[in-house]
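Encoded as structure tokens, here's the structure I'll be asking about.
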């Protein structure tokens, strides 16, 4: 197992290299000119060219790539072309909000969705099941921003329980953090609750017909234990997978939530950077998210064999 | 032979079943699965339920447990009362209270009945946690104790093991431990010893009877093993087609059966005496195994463990038309040998030559064309059938793989169904809709359909009632004669081994302790262990087919009859 | 030595083997209603140009953001275009994108996932590549693709599909990892079934239940992602109405004219609900244990 | 002691570039006005007024002498000297198009002493004061000499000015938040504030600018009192806050913006004047503005290329634009031009709210007049990159795009880049238009407001005939504030001096 984890960690390196090359090429294929953003509307072509020269954008691709790789090897993520600030500093500033919201979302989603899915499967084809199903379909098909607006309307504007927008780090106090993070987390959670609940239900349905469930009942085990200990663990693998890939989705999918709730996170940073073609920021962001994906999925893969001992690596 | 002959009329009535009718859910007009079952079991009594496979024995027991599959079967009439409490009307929480404390059940198929993702130790402990207030340490102690009592070896390891790491018999003993640990008032045992070798079986049976003496436990024992019935039963009910056709105290039933069906059943019980050896062939052996070694595992979650040496230095050859039997205690490595030969697992060491090809080292792809030559009937028939596939599809899979056109394969499948005594229309059903024995016959049919050169049968008949078992053994014999199949027959049932084997190989703890012609090994065992095995064979003093006791003075004679 | 018979089957045979439904399967009212709704929406969308009262692109600055009226059944948008006409016509491209993206990512993801789950040797490499792919934001990919190919339906579907595929792969693989340990797989090996056959006929059906969930999710999210993409200029042209871009355009008007989001959203939800119900039914039909026994 | 007052303002975009010389982005200019001061500035009558310095012009119009007023210090405590001014002007002069015109004619720019700057020209340049007083796009902000010595192509890395607010670098998050603190040592002028001129009295302790990408959220936050000020309110969304008694929606300045369409002169069909005229005839200001703004209160049909309420504004010859669409006339023009159905590639940005509508509306109108239109959606960055491509529309080029300007950015022929006719050196679209170049030279040479106005009229006429660009009208984006915010001066640039904040 240790060997496996070690191997996986080593395997991260080629993944990162692939991502790096791919992203680098992709970025240079997309039209757009950071120099133009910098210079503004009325710059002349000659001015633009001078800025490009200074930013090193006129060098051959391979030179630019090697330069970037060199920087990376020295642990330097580079400097934003637009704001001229260090990328690592930006990431540090922006990562906190996103990670905090994402974690809170995951906790909320799993805590709500798994029991929902379990109960729906247990009461297969009853109104409970139907309710969970319908909710999750809504969760998929209502745009995130609508959910956000509705939550704001109810909890921030009508009830005035929480602020409309903004973000405070947990270090500024749990109360302020919580009151601002709860709506965005709920907003983000809807879609994951929907997804996880559906997956839990589907997976549980497969399991509940098994003989060992009957055995558990024969032992006089309480129904909740039958469901959560015996059945859920057997149903866990696809659920875990969804949670894992869902986390990855979260990281990149927070854009809308972050704009609706005005949270200075990396989702917004990424989109802003893409729209401004701020190459060093985009590259760093994608490497970072790739790293997170790899890590989260490693966790998920390792946890498979914890939940299903027949899976061995 | 001594039969039990206690009178229970004074003892309290534990289970009372009246006019029980079970049918398909939502379809009261369809033919019921159980019809008009009446049954009484009193404290301390052992009531055996025998009868053909698919006759409704398991369904009866599930109905008592209140665990009929809701979507498929439902109680449509009658009454079941446990110590006066009517189960048919009990609420879910009442039922929960009753289970494990008052009624416990050992399920028929131990692999599917155990949760694959929980350690078996935890699964036993759970019963205690649910129904007692014992401390953690006490719980564990009770559990390990119980595991010792069902004669599991190496309990510390097995406590930590997951079901898939255990042999069939070990799993079954886990089930037994789970059922016995709370000393229930009524124990339902559905074929609890099918996967156990006779010595272990004997110990388990003793364990149950001790509990009965101690607690006055009533036992409903479902089995097809007449030897076991003869040993343990107070009363016997014979089932056929969802009805009880005959009920009698054990002695009466064995000496003077009334119904034709009962007679037929008893006549089918094989004799423990080895059958006449077949003419030795000089043909080239089709399978030869040399120096086979298999060690499982070797790495744990966070620590290295030594691994389980499941088979060591196994050697044998089989010629066409011959049968080699492997007998031995549960967990001795029989299935492991079978799986190595089938190359379902890769042997750690050794050679396996089938039809002239050395297969122990072949890659998967190279092996595939040779698979036609050797087939296996798995120990666990339910799991070995794809639950999403109809029986017809499962039966056709192999032949189609090797070029038989689909129509032809279908026609063959239908024939095979008849061969193993299942209705043709069952072809369109799914595995979960069959009884345990029916599934096993399907598994046999599937292997036979391939007309292999070598057939490995891992406890292929252990779940079958004797009449069907006899048919299947005839069938195997017939196939062997017609196609010259070499057979590796794994069983713990010495009667069966005696019936079918030319040679017998005895295994213990991964080692071959004795190997020789059947007549010699069974009639004149050299090794202590073999001797123990034979001694332990239940009901060996009774000649079931003739409704009388065997003359023990001339055991050797049987070999020549 | 006996002649070794061939064990080749046409892919067709392998696949048809998969869909032998239980005879006499009973279907309840729910799925039938679902099918009717789905067919109705698809037909209404496909035939929309024939019956909608306005050209979905015709603007009228004098009738912006109107409420429902007899002239404009569902009111108008900020350009004064008729919402009803736009929503109905919008279904065409949206459904195409949703179903296209779901079908493509499920199909590709299923294939790769089967291989990764079953062949340990391939697993490491495939999963690392998938990890890399997952990290690429759809937006970036879409912008690049549009730059290369021009804005087209294909570019949009590819851009949505690429990050979706690894998720499907992961899911399929996880199910296969468990299922391949089942004894019936061993039995199939013993019967000489080829790897592709085992994969497709024995293992693949285990993935259907989770795939139906994932597939419907992809379908819905593709329709919504398309909206985001078209707003970044990487979707289909702004001139082609889709449910996604109608909602995205209506986004800021949420508090003023919720209908701009509500109506296309309703259509989308209905579709997804119907697809889900049908998916569940299909799943139940494919899994005999779920099905009530018919005599 | 009084409690600290902080104004939280949501601005139209995030601040990312801190160098006000290198970019023309409005948010950076606004930032410049917060922390820097300027030598001279325009008041609400477009008239240059002294700010940091008084000036004197020699009789021959060749020598400008600026005298710095007393009490000017940078945020780091150093006094502002003539050398700082010279360095700052020189750097600006390399970047700004108006500045370049002046430096083309500059003999010398020197600081004989700490308080004086002397600017000597080689030939008279009447609009010099107008150019250095302008508020858009790049005003000549005064920085310490060590900062201003940075190359004009590199961004500065030290943000020290002598303006009324101090930039708080620690709390700066690019694109998200920027915090300014009151500069206690700033000495305002005595005159009342008027536009960028006059006394800049700071009455609050801190100003925080934040960016809210979501317009609805910003409005909701204003309603809930989480922010004090919203620079731009989408007019369609005004109903949300209209009922709120604590919030005022108002026009900050009457000038507003213009929106324009620019054809590409290099490629068919717009290389043909008749086709350009046809396009102009096909388009209709009223419906475009109505679609963009909705409420007529906030737009203004206006055919004056220099803006309707500016000194040079004139609507001469603009009937085709202001009189509604005339598809028939357009068709006739197309026929005359022999238009062969070459599709017009119209770039439609999708991520800039203020530019989304124009291409969509235009595409519809052009089609009605018989044009083939290929409306291509893309993000603004792609527009920005693509509009710099001179290749044919089929090969990555384009035919037409739309953009917006603040009225002061187009209000005279020197500032307005679209009337530049120097071919490849001209602004995107690259018209080669010697006539207009002659007119612009005439404008520079013209002496006095009346003479200038006359030339401007000629340019207007010429543009209407040659269709250098299509003026699509003026519009105003209102601002919204909590009622606690008072005394904000009207100005095209939102300024935070003078403003007071009462306790709620």
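Lettered A, B, C and D in written order, each chain numbered from 1.
We adopt the following convention: a residue touches a chain if its C-beta (ideal position, glycine included) is under 8 Å from a C-beta of that chain, and two chains touch if they have at least 3 such contacts.
Because the structure is predicted, anything quoted here is derived from the model rather than measured.
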Moving step by step through touching chains, the smallest count that connects chain B to chain D is 2
If I average the Cα coordinates per chain and compare with the overall Cα mean, which chain comes out closest?
A
Find the geometric centre of each of chain A and chain D from their Cα atoms only, then give the gap between the two centres in Å, rounded to an integer.
39
Interchain centroid distance [CA atoms averaged], chain C/chain D, Å:
47
I'd like to verify one number: the distance from the centre of chain A to the centre of chain B, where each centre is the average of its C-alpha atoms, in whole angstrom.
51
By the touch rule stated above, which residues of chain D touch at least two different other chains?
216, 351, 378-379, 382
If I count partner chains per residue in chain A, which residues reach a count of at least 2?
30-32, 145, 149, 209, 275, 308, 310
Got the chain C residues that touch at least 2 other chains?
143, 147, 181, 232, 251, 254-255, 287, 289
Dump the list of chain pairs that touch, please.
A-B, A-C, A-D, B-C, C-D
In their shared complex, at which residues does chain C touch chain B?
1-2, 4-7, 9, 13, 17, 20, 22-23, 181-184, 186-195, 197, 202, 205, 286-289, 292-293, 295
In the complex, go through chain A and note every residue touching chain B.
1-2, 209-212, 214-223, 225, 229-230, 233-234, 236, 305, 307-310
Which residues of chain C touch chain D in their complex?
57-59, 61-62, 64-65, 78-80, 143, 146-147, 150-151, 230-235, 237-239, 251-256
Which residues, counting only chain A, touch chain D once they are in their complex?
30-33, 36-45, 47-48, 50-51, 53-54, 80, 82-85, 90, 93, 145, 149, 152, 156-157, 160, 163-166, 258-262, 264, 268-269, 272, 275-277
Under the stated contact criterion, what part of chain D meets chain C in this complex?
215-216, 234, 236-237, 239-240, 286-288, 290-291, 294, 348-351, 357, 360-361, 363-364, 375-379, 382
